[in-house]
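Right, I'll just put the structure down here and ask away after.
Each chain gets a letter, A, B, C and D, in the order it is written, and its residues are counted from 1.
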């Protein structure tokens, strides 16, 4: 083992440029992953935030007694899809409209009668926040006697669904492309390191080294470079995150577990890259 | 020249793997650029679309005679910042509100009197669509006798400004990071090709080759690989664009000039990369 | 120890480099392999250390056979051999000492024993003072002596030497030759390819002469008296 | 033609490889450079083709001087020389023919003239039949002959040969030596480093002997009669 470590140290010492560049390449490949990972993490969070707000609103007939409303609310709260039900009176609706629609403040200011109906605002449970479920709940609410009309922001929910799909598709496509880039780059780097040392490998064989013995320092080198690259990539991603968080918009960073996984991925990529490159070289000569 | 071409062809033939990988690396680096370029192109277009809609709205006092409105509109149209002025009557304002605010359709349906005022909608020329200019115009409009109140969507315009700034900052940061990646990767690839052929270079010198002669095939190789990589990158970007355009959202692609510039950039990167790598090698030995 | 039985080696481009070659070198023997340039000496040695496989026939070396040995056995065979290559085969980015130590490390030798053994053989070839120099900082003859030290450091059962004195002057040649005889005296068989006929004549060793891939003289077979073909 | 004036070459690790060396080789002369391994022969040749610069003193070659020549003049000098290196220096991924042609292409020779000239010199060194083989497919002696062909193909004014017969058998050695004499007869000066004393004795040429970096014998200076130190 000490020989393997020494050989690895020698590899770094003898070709510091090449080694540094391998590490940089792995780091940048993982950094690209990291950037897209961050985008994914933050879109996921944003979707979570938006999804929070999906609700079904049942406008009540004018003059419905409060008791009937309370009864209906209790019924609705018992639906499996429903998280909570809130009764918004006519006065509350007007206050809310004034607050939310500041462009039309004047209109609401000048009104002589309150044109807004009271409503029951129904929040769905997280797992049920999609178009089909919202439509189903809306249908059941519309059947109630006290309900005049039901709105559930169909378009909005549909848009949200599409955003989720788009994020998934873009993530998959771009992620796959960059996985390919990273693997090609790392493979190249190690392959060239092997080529660079092909004379050494040939001589090792001539003096009786086994393939395992020849392979070991390359594998260790690959793992070490990969780990180092992974650490660098996490650092770079953190820098990028910090910049964006400070100057552009509030964002989240990876959890410690995700970051550790990233570093481990670096080591794994390094190992696989060197295994493939060295293996091919040993078989071909 | 024919020798240079032959040497370059030989380089590809002798190290097909290495050459293919250099091209792939350059292609992927430029592809990364390309992806961000596409995002930039499309954000720019989107900003253009949004900016189109920046306008200053002057609400008119109730009962202003039509003649006075027409006179004021003509005056305003003469402002250097103004592109066009549209008179929206009280009836038109209500119709528009009913159309635009479908959530509140019911409210507008039930109204007995029309609470909305008439307005003059002022479009600014493209170059003047920012907060400062809109504010200046709004001030001048507020001074007119027939005008009751002026709105220019301050928040919205400010948001647009910030979006432009964010897009610029993200573009610069990410662009710079990827420029660095591309240069490092290309430099590495060519440096390793040079190392791989260092014995050949040493022997060339021993038999009397000038540095210029030694450099030439590497430069040509670098340029060719760069151009090839650039073509591939444009192809890949087009594939990415086509996928996004078909499945996600309507997008624009580069113009022919931009694409050509991308390919040329590949050649230029290849040239610079090989110049630096070969130059350093020749000086160091 | 080393036994060639009807060995033929053909190359695509050049045809047969060895044709129906048979000879036997006994344990502990000192043997010369001579012949003009291109006669097949290097090819014969490469068959012994399994860098090539014969087209026909069999080569047996110290219990290994080209007919049976799989790829896993090649390293085991080579550790029992010491090889001096015609073109040195030194690593350019290692010092003389590291080049010699390399051959021991590869076999997994214990670390504490490596340095003393390396310095001892370097002293034997007269390079103790240049242990820290890189090959490019050594003269051609000095590089050859590093290569010999590397082949010797493993205490091999057979030492194969492909023209070990080709680049040496007369004095150094005598020194190396004496070294090879000493190694042989300690029980190691030595097979030396050379065209230095002065050396060959100076010693009463087993002599095999190749000509265009064929054995034209073998002192073990023709003890009766046929003379070598070359003058 | 070649003039050493008080040339000293010191290396950091090993000290002086050449000490106050002065000699002169005239245009068209045939000269031997002899001496034991490590005496400084290769170092002297490297100074001539400007692979090294002297620590003190001056080397003049065919109008170039180590004291004045800038880096741009090195290629111009080398095109006027033919060099045979002790370790061949062939490109492994080119055939024998391509290796020889290489030296012509580098000088910008016209393409149509290259092939016939290459084939002529390959024929002269007896390798016309192996023009398409790669170095690893040639025997050591054959590789050396490719190197000699490459040095010769340029019609140099001086041919520097660092032990060109080190790896050759007697017959091939005589062939190569004859070739060098022929080249010399056509007007090219030849400087040959060697420790083959048989060769040296066989010809009445200019003889310079080095010992530990010093000139101990120069037949041009000591025409009076001092004998070479080595036997």
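The rule we apply is simple: contacts are C-beta pairs under 8 Å (C-beta built on N, C-alpha and C of every residue); 3 or more make two chains touch, one makes a residue touch a chain.
In this text the structure is predicted, and so the values were computed from the model without any measurement.
Taking the mean of C-alpha positions as each chain's centre, the chain lying farthest from the centre of subunit D is A. As a whole-number value, the distance joining the C-alpha centres of subunit A and subunit D reads 68 Å. Our note on geometry: subunit B versus subunit D, Cα centroid distance of 63 Å, whole angstroms. Touching of two or more other chains is recorded for no residue of subunit C.
For subunit B, the set of residues touching two or more other chains is empty. In terms of inter-chain touching, the protein chains here make up one closed cycle, each touching precisely two others.
Chains that are in contact with each other form these pairs: A-B, A-C, B-D, C-D.
Residues 17-18, 21, 24-25, 28, 31-32, 35, 97, 101, 103-104, 106-107, 110-113, 115-117, 149, 151, 166, 169-170, 173-174, 177, 181, 184-185, 187-189, 191-192, 195-196, 236, 240, 243-244, 247-249 of subunit B touch subunit A in their complex. Interface of subunit C with subunit A (complex): residues 49, 51, 72, 74-79, 81, 83, 85, 89-91, 93, 102-103, 105-108, 111, 150, 154.
Those residues of subunit B whose C-beta lies close enough to touch subunit D in the complex are 2-3, 14, 199-200, 202-211, 213.
The part of subunit C that touches subunit D in the complex is made up of residues 11, 13-14, 35-38, 41-42, 86-88, 130, 132-133, 137, 139-142, 162-163, 166-172, 195, 197, 230.
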